[in-house]
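Heads up, the next two complexes both have subunit A, just with different partners, subunit B and then subunit C.
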Partner chain A sequence: MTATDTQAIETQATDTPEDLSRYHRQMLLPGFGEAGQRKLLGATALVVGCGALGTVIANMLARAGVGHLVIVDRDFIEMTNLQRQVLFDEDDVANAIPKAEAARAKIAKINSQVNVSAVVDDVNHTNIEWLAGVRPDGSDAADSPAGRKVDIIVDGVDNFETRYLANDCAVKHGIPYVYGGAVGTVGASYPILPHTAAPGTTGETPWEREGKATPCLRCIFEQAPPPGLNPTCDTAGVIGPAVSIVANFEVLETLKILTGNLDAVSPTMLNLDLWGNTVRQFKVARAYDISDCRCCHRRDFEFLDGKFASGTTTLCGRNAVQITQKLGDGQKLDFAEITKRLEQHGSVNGSRFMLRTDIVDNGEPYELTLFTDGRAIIKGTQKPAVAKSIYAKYVGA
Partner chain B sequence: MSAPVSVTVPAALRPQVEGQETVSAPGATVGEVLCGLREQYPAFGEKLFPNGGEQINRSINIYVNEEDIRFLDNFGTPVTDKDQVDIILAIAGG
Partner chain C sequence: MIYLDNAATSFPKAPGMAEAMTKFLAEDAANPGRAGHRMAVAAEEMIDRARLQLARLVNAPMHERMVFTLNGTDALNIAIKGVVASLSEGGETPHVITTVLEHNSVSRPLQALSDAGRITLTRVDCDDAGFVDPEAIRKAITPATKLVVMTHASNVTGTIQDAAAVGRVAREAGLLFCLDAAQTIGVVPIDVQAMQVDLLAFPGHKSLLGPTGTGGLYVGERVPAASEDVAGTPARLAPFREGGTGGDSATPVQPALYPYYLEGGTPNTVGIAGLSASMDYLAQRNLADTLAHEQAQVQKVIDYVTDHDLMTLYGNTDATTRVGTVSFNIDGFDAPDLGSILDDSFEIATRPGLHCAPYAHRRLGTFPVGSVRVSPGAFTTDDEVDALLDALGQVVG
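Let's turn to the complex of A and B:
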């Protein structure tokens, strides 16, 4: 699918943003005021992923009056989502509503001053720039849901491939990007004000002119964790507060950035372990100086170029999709660990070369076959986006 | 022999250290402490240093007192039992 095949469902604001009374309480805050509120109403945010993190982000940004939200997600709502995904309800599950569309419909009732574009699609290297409202050459993509380059990308995704894709897009085009991740009872968040020029030179963005640019996600974590190293919310579980706190931290940093309060933007990476009762702030500011980062130093956008893109092939006549995953040098999947996690869902069999298990996801049966090089065959669907979703949920990426 | 230095283990790697939140090993530098941990918990060592190599897994960072060891003296960074050492793995879920 090319980017332009994707249709966004739109909610147009029906109320006039002349009346700011609903934002009174936040306009009272120092550094906010009416000027800050006007900036929010004039801003466009891309919310990538609309699950546990994304629903909290979209909900709070809409209430705060961010004028245009582009919400993109490939999944449908399941009963097991309702425990933490705050914009959805039982009717959405019964009616099989896609997450992005359900979020759009809810937000229309929450704040009629906000435009929402709901895009039901997989985010990948062929469409992320278009979703962010830019063409590869940096000009505005007038035919995109945003209509112009978005002001910020906020992270609600469940895998690292999409995060590095968002990071590449942010660094290439000078768009702030707020990272957030959560699983089990732990979470992390970090706002990125990207460097857009070669090291030693200063780019044109407000944050670079003010000397406030920060390291990108790849300066900090050079490589994505291999699939299966991290547990996923579907295998290890997750509690609502973990995602909610991380998502609200992302919202907080987004509001600071969109209102121009760059002095207040967190210079550290927040790490929470809610069961271990620890809140840590790791100093990451110097990562840019020492990293020789491929992305923001060398301007080599490997994820955007599709170099690490997981590939999907629909296997004709087999009702199955094959996923190929490009692992880092020498990496292979840890079958023992993945088996332990998948056993939460059913019996797992196989050998040291492959694992096989049956999974019931959202009422539909699938058979997952996994190989040590990260490749998988997901039987029970012909849709690449469904197969990628199953992989992200049960294997992780 | 230096006093053991305790190291916080990310939740995802706790199965490799018998479920413990922190583990400890003696050592005067980050490298020595990690070497000690690798001997005590080989499966954990394999996650930190894949394929028995000397190169740390590039999705893992080590922090001493909330500062990345890459900004300090890397594995040569001196540590004592008074220091807070954290192993941080990129968190992917959401």
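Let's turn to the complex of A and C:
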């Protein structure tokens, strides 16, 4: 699907933003005030993914009065989401509503001063810039849901491929990006104020002028982990508070950035193990200096260029989609590990050549066949976005 | 990588092909023209030489009626739609005979014309071994029949059809005979005069060992241009595209002179330079030896598959009636799964699926999953075929 095929469903603010009384309690905070609140109301945020992280993020940003939210998610709400995805309810499951659209409808009731654009689509290298309101040359994409370059990208994503894509887009166009991720009982959050100029020089963004720019995701982790290596919520489980806490840290950093409180932005990567009762803050600032980052030093946006993009092919006549992954040389999936995880969902058949399992996802049966180089054939759909979603949930991308 | 997908496109290409293309691009890449500067004339001469090489290969009496096309599909569209368009203009709804073995490049244009009410269509069956009986074609002829379109060899079963017998049937009934030589040209002898072929369509990138983006259509003298003065023809050919011809620019409409009549627009000179070099290479090889080489390799696969209880062969068991193509399935593996395993775990390229020939797969009972197709080529070694058989053994276990 190309960017221009994607239709956003819009909620237009009906209330006058002149009335700021509802934000009184947060305007009392130091560094916030009416000026800070007006900045929020004038801001546009792209929320990538609207699951456990994304619903908390969208909910809190809307309540705080961020004026325009662009919410993107390819999935439909299912019963197993309700344990942690705070904007959704049983009616949404019964009505099989797309997550982005349900979030838009809920937010319309929460804060009518907020515009919401709901986009039901896969986020990939062909459309992420458009979703961020920017053309590849950096000019505003007037035809996009945001209408102009967004002020921040907030991470509600369930896979690393999309995170690295968001990171590329953020660094290329000088958009702050707040990373966040949670699975099981652990999570991490980290705000990126990207460098937009070559090392040794200073870009034009406020955070660069103030010397507050931070390393990007690729400075810290050069490559996305290969598919199947990391646990996913659908295979390893997840506890509600883990995602809520991580998402709220993301919201917190977003509010700091949008109100211009750059001094307060966390310079560290927060790492939580909520079951093990550990909270760690990794000092990452040096990563920019010691790395030769392809993304923010060399300005080579490999993920945006589609170099690592997973490919999808609808297999003719078979009601199946094949997904291919670009693994590093000689990299192979760990079948033993993946089998252990998939067995949570049903029996896994296979050999050293392939793994096969039946999955029921949101009431629909799928057959997942996985090969050692990361490719998969997902039977039960002809829609690439559905297949990518299944892959991200059960294998991990 | 072991490449066993030569029915899709040959690999490797002829020695010298890539060098010839590079040389042409570097030294001679002018737009051909008959009355232009010396570089234009040189390009024109290169193309004319390639035309002559192709004409000689298929014993075409008039090399100027050998038209360059983009590929086999392009040639078939020009032939089929050109003939039908000229008959439609005369107010006729012609009857066309084709077979179940056709590739979509034949069956889709014909089906679309039939659906649009511009032709009536009969699709003649084949036998279990994969052969069409010429007598079945004779029986399908009606007073309205004008055209027979048939493949020379199935791209699924590899079975070589008795084109000369069908040519005789067509000629006796006063019909035009269009032969799709995609799987045969460059490896099976073709004589358009002896086989009474009026329209011969073929790609340059399969057994001709040329580059993709090349193909040809030989238009016999019984198929005149719309404005040519030829009496008693079953049908004329309307030009599929019109445009500049590099010669006669004064005529308001497409000049009736072959090959320019069907060659509007700048041709793929770089590709044709490559194809010409491939033809030079083929001229040093004995086609009969190449065919025997591929047939011997296919026989090995046939013997292995027919020996194995869990494997099913499609088409005749005698490889001497085939081009170098063999299709099979293994119980318990969908064709795309087996194809993925061979690629992923053994680095063997085969072609699973329907091979763009849905009617053939329906006839073989392999629709919609398809089969795995193995097609050795001129340069495939016995060791490579042995490696395939060894891999199949490991997969079946």
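To be clear about the criterion, the second predicted complex is superposed on the first by the 397 of 397 C-alpha atoms of A that agree within 3 Å, B and C clash if a C-alpha of one lies under 4 Å from a C-alpha of the other, contacts with A are read in each partner's own complex, and residues count from 1 in each chain.
Keep this in mind: a residue touches a chain if its C-beta (ideal position, glycine included) is under 8 Å from a C-beta of that chain, and two chains touch if they have at least 3 such contacts.
Everything quoted here is computed from the prediction, not taken from an experiment.
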| item | value |
| --- | --- |
| Superposition on subunit A - do subunit B and subunit C clash or fit | fit |
| First, second, both or neither for A:318, with subunit B first and subunit C second | second |
| Superposed model, angle subtended at subunit A by subunit C and subunit B (C-alpha, nearest 10 degrees) | 100 |
| First (subunit B), second (subunit C), both or neither touched by A:185 | first |
| Contacts of A:351 with subunit B and subunit C, given as first, second, both or neither | second |
| Subunit B versus subunit C as contact partner of A:225, first or second or both or neither | first |
| First, second, both or neither for A:375, with subunit B first and subunit C second | second |
| Chain touching more of subunit A, residue-wise (subunit B, subunit C) | B |
| Touched partner set for A:282, first subunit B, second subunit C, both or neither | first |
| Superposition-derived minimum Cα distance between subunit C and subunit B (Å) | 17 |
| Subunit A residues touching subunit C - in the complex, by the definition given at the top | 315-318, 320, 322, 351-354, 369, 371-373, 375, 377 |
| Residues of subunit A touching subunit B in the complex | 49, 51-54, 155-160, 163, 180-188, 220-226, 229-233, 236, 238, 243, 246, 268, 271, 273, 276, 278, 280-284, 286-287, 290-291, 328, 330-331, 337, 340, 396-397 |
| In the complex with subunit A, residue positions of subunit C that touch it | 334, 336-337, 340-341, 344-345, 353-354, 358, 367-370, 395, 397 |
| Subunit B residues within the subunit A interface of the complex | 8, 10-12, 15, 21, 47, 50-51, 53, 57-59, 61, 63, 66-68, 70-71, 86, 88-94 |
